[in-house]
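Have a look at these structures, which come just after this line.
Each of the next two complexes has chain A plus one other chain: chain B in the first, chain C in the second.
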Partner chain A sequence: MTTKDPYRGRRIVAAFLLMMGFVLVLFRLFSLQVLQAEELTARADRQHRKTVTVEGGRGGIYDRQGNPLAINMDVPSVFGVPASLENPSGVARDLARVLHIRADEIEKKLKQERSFVWIARKVDPEQGRSLERLSLDGIGTVLEGRRFYPKGPLLAHVLGFAGMDGQGLEGIERRYESYLRGEKQLVVLQRDALGRTVFPKGLNEQAPAAGHTIMLTIDEVIQYITEKELDEAVAASKAKGGIAIVMEPRTGAILALAISPKFDPNIVKGISADRWRNRALTDAYEPGSTMKVFIAAAALEEKVMEPGTMVYAENGRMTVANTVIHDHEKSGWITFAQVIQKSSNIGAAKTAMALGEERAYRYLRAFGFGERTEIDLPGEAAGLVKEPRDWGRRSLASIAIGQEIGVTALQLVTAASAVANGGWLMKPYVVSDIRSSQGQVVAQFGPQVRRRPISAETARTLTGIMEGVVTNGTGSRAAVSGFRVAGKTGTAQKIDPQTGAYSSTLFVGSFTGFVPAEDPRLAIVVIVDEPHAEAWGGVVAAPVFRKIAEQALPYLGVSSRAPVRLAMASY
Partner chain B sequence: MKAVAVIVGVALLLLYVWERNEIVRAGYHIERLKEKKVVLQRERDGLRVKVSALTAPERIARAASEKLEMMPPRPGQVVLVRARPDIPVQAEDKDKDKDRPAGAELRLAKYDAVGKMP
Partner chain C sequence: MSRRGGLQAGTLALPWPMGGASAKGGAAADRSVLAVTVVLALVGLVMVFSASAVVAGNRYHDSIYFLKRHLVWLAFGFLLLQASSRLDYTVWRKLALPILAVTCLLLVLVLIPSLGVVAKGARRWLRLGPISVQPAEMVKLVVVLYLAGYLTRKEGRITEFARGFLPPLLVVGLLAGLVLLQPDLGTVVVIGLVTLGLLFLAGARLVHLFGLVPFVLPAAAVLIWKSPYRLQRLMTFLDPMKDPTGAGFQVNQSFLAFGSGGLFGVGLGEGEQKLFFLPEAHTDFVLALAGEELGLVGTGAIMLCYAALVLKGFQIAARAREPFGRHLALGITLLIGLQALINAGVVTGMLPTKGLTLPLVSYGGSSLMVNLLAIGILLSVSRDRQGGQGGGIGGR
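Entry: the complex of A and B
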């Protein structure tokens, strides 16, 4: 006999309900895992993963001895989230105290209807730490790479500078931007519920490579000497400015390039472009008497003149095409060597006339005037050498004395180097090699011959004549004790912007030369723009040449051949 | 047999859970080390900037002249010498040279003046 279960019906109902519940759960599971799987996986990924762009640091710039001239450092940038600020005025006051920015300026930014505003970018690390201690709601910091030029104004015109977003804007920074900039890479990070990074996607992910390192031919010490002596000369002569370049004549490597006045590439805000322009290669000027060297080179090479050839200097006054050419010293018959040593305008004009237009033009172009030297720096000018068909009746005489021709300081020192090294026109350069962030050399630059304007014999003869400029001529203040110096002074009248004619008060004094004359190690050009009082190149520029050479030669270990008397110690 | 299979299954499951846990823990540790590395790199870069600024020729020259009262050598004050290994070292006369600083004569004998600095 079986007893009837009084709860059977209830159990069936309960079981049914349970079953329905399970079915519902299974259905929901099926819906989530299968039907909506793709969409939900994507949504989870978006929430767990964060993709950020990471950029490797900008590469450094170093001198030939490995001394850093431009380096990168991560510094804090301060941002605000206006929407989450309850008291923008109070926050602005706190920020102003730390960042030394006016509170009303910050407040204006914080009251904008934006979700993100920059308050100050690339601030001092100490200011960043102070802000962290304040811990202000709605204010945060992120790290950004900032460019530092630890030597301040040293070599500023060559280095250039990088902008706020780390892009090169001038000089080496601009020219080698593609090498200096670090690699950009997208990195996927996994985050936990609190937003912390749990693990990068894949352990083998490499950090983006830093930018390449640029090694310069510049020597920090010679650069310092050159800048110091140029600045002192510019200040002493109350000049508008000055340029000095030191080159290795055998290679074309630039050891120093100084422009006065200087600027600090760490603080470029508010400085005009005129101040940071590298005038040694962007600005052409009428060189004056230094041009006589190259006319003389052509005359010697073409055998139009010899050092002993007699030239009549017309007692200091000669008429050419209804204009008068003067000499500052009245002379009668002088040798061709004396034409250069006494810097006779009449003698130089007669030399050019003997040479003829076509040959004079050909040699000027052969020495690199009127074309870019192709130095590895941006903004180089070609200068101005008109073609003979555009010359007037006086042009040949004018060009011989450095008028009606525009040259850059860089062209001048490169051409002087060609005389110094036996006749080879070299391509000047400032970057010796480029290295990867791991130190491997990726590109190397060495001496490059462009052409040979004169023979070794002509160069030797001309060097002898140029030595006379320093021993017996206008460049005596360039003489370096114990060394043979070859050079040429130049004093050029500037065009008066008011009248359009040559000014009687505005001059450019210059000296171009090399030392030691018998085995040149340094070719130097010094240009002093608009000196007051004494404007002669032999007075304002030649002493700068001497001072640079006096300090740079011992630094390079170049010894004089002068006899030495040793006082032997006795005991 | 079934019990063994269940135990092995559970053990494998626990091992998997433990492994996942260790991976996450290692991930956090790596991230902490990375942050520390960034801090140290910033410190290194800061020191590098400071060293470069302190070794600037202008600053050294100023310190040498103002603090140490040094000045550049005058013409003729610097004499370059070249080593002459071919010349034998002179025999030392101890009685004559008793006040001489050690090695002074040795240097004079072995080096030749080759040039004078400007």
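Entry: the complex of A and C
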């Protein structure tokens, strides 16, 4: 059949024409992409410089009652259009007077060959109004959102702060950046009939959507109480700093998180990172005697000990691996409950040895030590729990009294909450829900159980022992009248950075506990770093616990138990 | 390079031997056509994602909004391709007229205001449940099917005017008229050129073909004059720099994209032009984005793919066992080749702006499905080749 095909010539012509078309396109592409590339690239660059990114307002951050903690304020930013300026130096002088910026700096900006320059970002509204009164040609203002923290330093370490371009740099602002950030829009600056660059009209009609709103589990009032009491205690004991966390034991929700000293997120220029670090979760420390609670939990759960089990406290002196362990209160035979209540180092060491390395390690990990709590805040540390194969001969005894182990304040309060709530280790969280700018709930966060280190019965027994710490032990100053308090003091020697050995003058005093013991509503950890004079956790930290609980419990509407009312009536 | 049809030997070298392997005969579908199709589809997938991610993220809060849809269409399209390449292509001869009738109906339906969906000033989409289809895209392939059947029936009589040359022009003219009402001039131009090309290749008399010129030119002039946007597009084409922010905006932005890309491109996903400057970066102007991100290397490779597809198409036509297969293969080749050329011409500013996609690459379900179906039919024709005949473009 093909031999009869008379149109082969026409096919060749058609194919040839099409191929010529492709050759033409290739030549054209070569011309655009190679010969004219430089000129076109330059034009594209110029065009891109003529764009301004307009962003929807950053979302706000609110506490659990809806009180604003971080909001956006629209403040004027001043820009210039150098091309339409006839007298840049005169304009620069006028601007300098209003904005309090050096005239020569402004002049330099105004003499650039650009169609748009920022002169000053986010200035005072009053300065913006003065500029508008001057109505300089080629100078304009546009409203931009500036981050504002209406409560100043309150909750600063959790909130973090945002930079000049509204980018979250620390804390919630950083962790939830993608939600808080407003929608971005590229706007091509247009020219009007006079060739002036202007923002397109109707910008507000199609304004980009604002960022999401973040609702915290934090309660502004409890946060205020916590910060006030912590700051006072740190000041009174001339300590280096302090940490206090208030948690809802049943849910893991953080009600307050205070760091001392504080800072004001409205003024972060010149403040070192050391000041704004959220040390409650970024820094691990040796907790001291507080650890005894969790060793005791393991011993009770494993039935190695019962509250009434008698332990010989060696009259305050015991040798372990060629080193000596002391008790600050010399005792002979005491009950296991008294080991915790009197905070006997020897008793705790013996308990840990009775448990054995493997079980002690397993329970510490089960309580969440040595791993991140996965709280929704940036920069969390895992702490340090060595594996048994890396332990020395004294390690088991050391860990039992809170040495050779690094924990964060957040890990401590989370583990204490597990004792308080019947054995459930919860995942701590600070954000309860995220809402769109229209108020729709986009994401919601609730309690999340991570695991269950101990049974309800063990938790109950341990709570009883910990109540004894407050009623007739080292933590008596944590007692809150009208409520049963369970807790444990901790006094840890710090390692002297100069000698590398435990210092005899640098201490960390702490108190970890929860209240009311029979139905815990608050789990609180208070840590005072390097107090002067008295360093005992029972002296420097326990009173802070009491003061926070005394004010927070009535605020939350928790009623005290009946017998106390009788007791109060009697005096 | 093809041995006997040596006219184009100097213009293009194919990366694989033509004719050699298949000269042994056998009924396998042409692998190189399939390979080029897959390459173009993959390039399209990557470019569509790169082009649309930012816009989709802004508009739908889902940066893979277009990518997901494109993937679904590609999957369906390739199923269609596989099915049609296995189907005996002669069934299309019997189906051509019924399909033609249905297409006419759809073209009328889309014009009814309550049924046709308007987008960007044209009534082009028919909403069918969750998807919307563009009947105008189907028309292109339907015209090829109809003409292939017609030319086979009238083999030898096409040189007569009234009984050979005129009737298909009237039928295609009716379809073109319906498409023009949407309005969609780009599609009309493509089906017009494909029709003329097929008539030329089937042996229509040159006197008849050139005789059309005095009719077509005034009609085109009237169409352009009577619609302000076409006139504006034409003026813009003649002097794109005159009004860079207005009507010339698209082509200007396209130039900037090509120019910024240079020889090797700025890198995948790095293109800045797609950020709201280059309109339709994922549909009609996808080649410009490829130019920016992949450079001349990328755009050149894409154009060479189409050139290769065209040459293979002519080769398949030349080897087709029967006239229907030959006309079908030629029609499909012209359809894809011409559309690619016109799109490239528009995007590089050599032709006035028309709403035409880059076949197999651009985002757009209807266009993708129709083109993949067309390739499937082409593959089916390639199975039915004459054994042992090398042929090249001209055949023997």
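Note that the second predicted complex is superposed on the first by the 434 of 571 C-alpha atoms of A that agree within 3 Å, B and C clash if a C-alpha of one lies under 4 Å from a C-alpha of the other, contacts with A are read in each partner's own complex, and residues count from 1 in each chain.
Heads up, the rule we're going with is that contacts are C-beta pairs under 8 Å (C-beta built on N, C-alpha and C of every residue); 3 or more make two chains touch, one makes a residue touch a chain.
Note that the coordinates shown come from a computational prediction; the quantities given were computed from them, not determined experimentally.
When the two structures are aligned on the shared chain, A:Tyr7 is found in touch with chain C, with no touch to chain B.
Once the two complexes are laid over each other on the shared chain, residue contacts for A:Ile71 go to chain B alone; chain C is not touched.
Applying the stated contact rule after C-alpha superposition, one finds that A:Val142 touches neither chain B nor chain C.
Legend: residue contacts after superposition of the two complexes on their common chain; A:Gln36 is shown touching chain C, with no touch to chain B.
Look at A:Gln551: by the touch rule set out above, it reaches chain B but stays clear of chain C. Contacts of A:Ser559 after superposition: chain B is touched, whereas chain C is not reached. Residue overlap on chain A between its contacts with chain B in one complex and with chain C in the other: 190. Put simply, chain C touches chain A in their complex at residues 5, 7-8, 11-12, 58, 197, 200-203, 245, 255-263, 272-273, 275-277, 291, 295-296, 299-300, 303-304, 306-307, 310-311, 314, 317-319, 321-323, 326, 330, 334, 337-338, 341, 344-345, 348-350, 386, 389, 391, 393-396. The touching residues of chain B, when paired with chain A in their complex, are 23-24, 27-28, 30-31, 38, 41-42, 45-46, 48-49, 52-53, 55-58, 61, 72, 75-76, 78-80, 96-97, 99-100, 104-105, 108, 113-118. The part of chain A that touches chain B in the complex is made up of residues 67-68, 71-74, 125, 143, 148, 150-152, 154, 190, 196-199, 220-221, 224, 228, 480-483, 549-551, 553-554, 557, 559-562, 564, 566, 568-569, 571. Within the complex formed with chain C, the chain A residues making contact are 1-3, 5-12, 14-16, 18-26, 28-30, 32-34, 36-41, 43-44, 47-48, 183-186, 188, 190-191.
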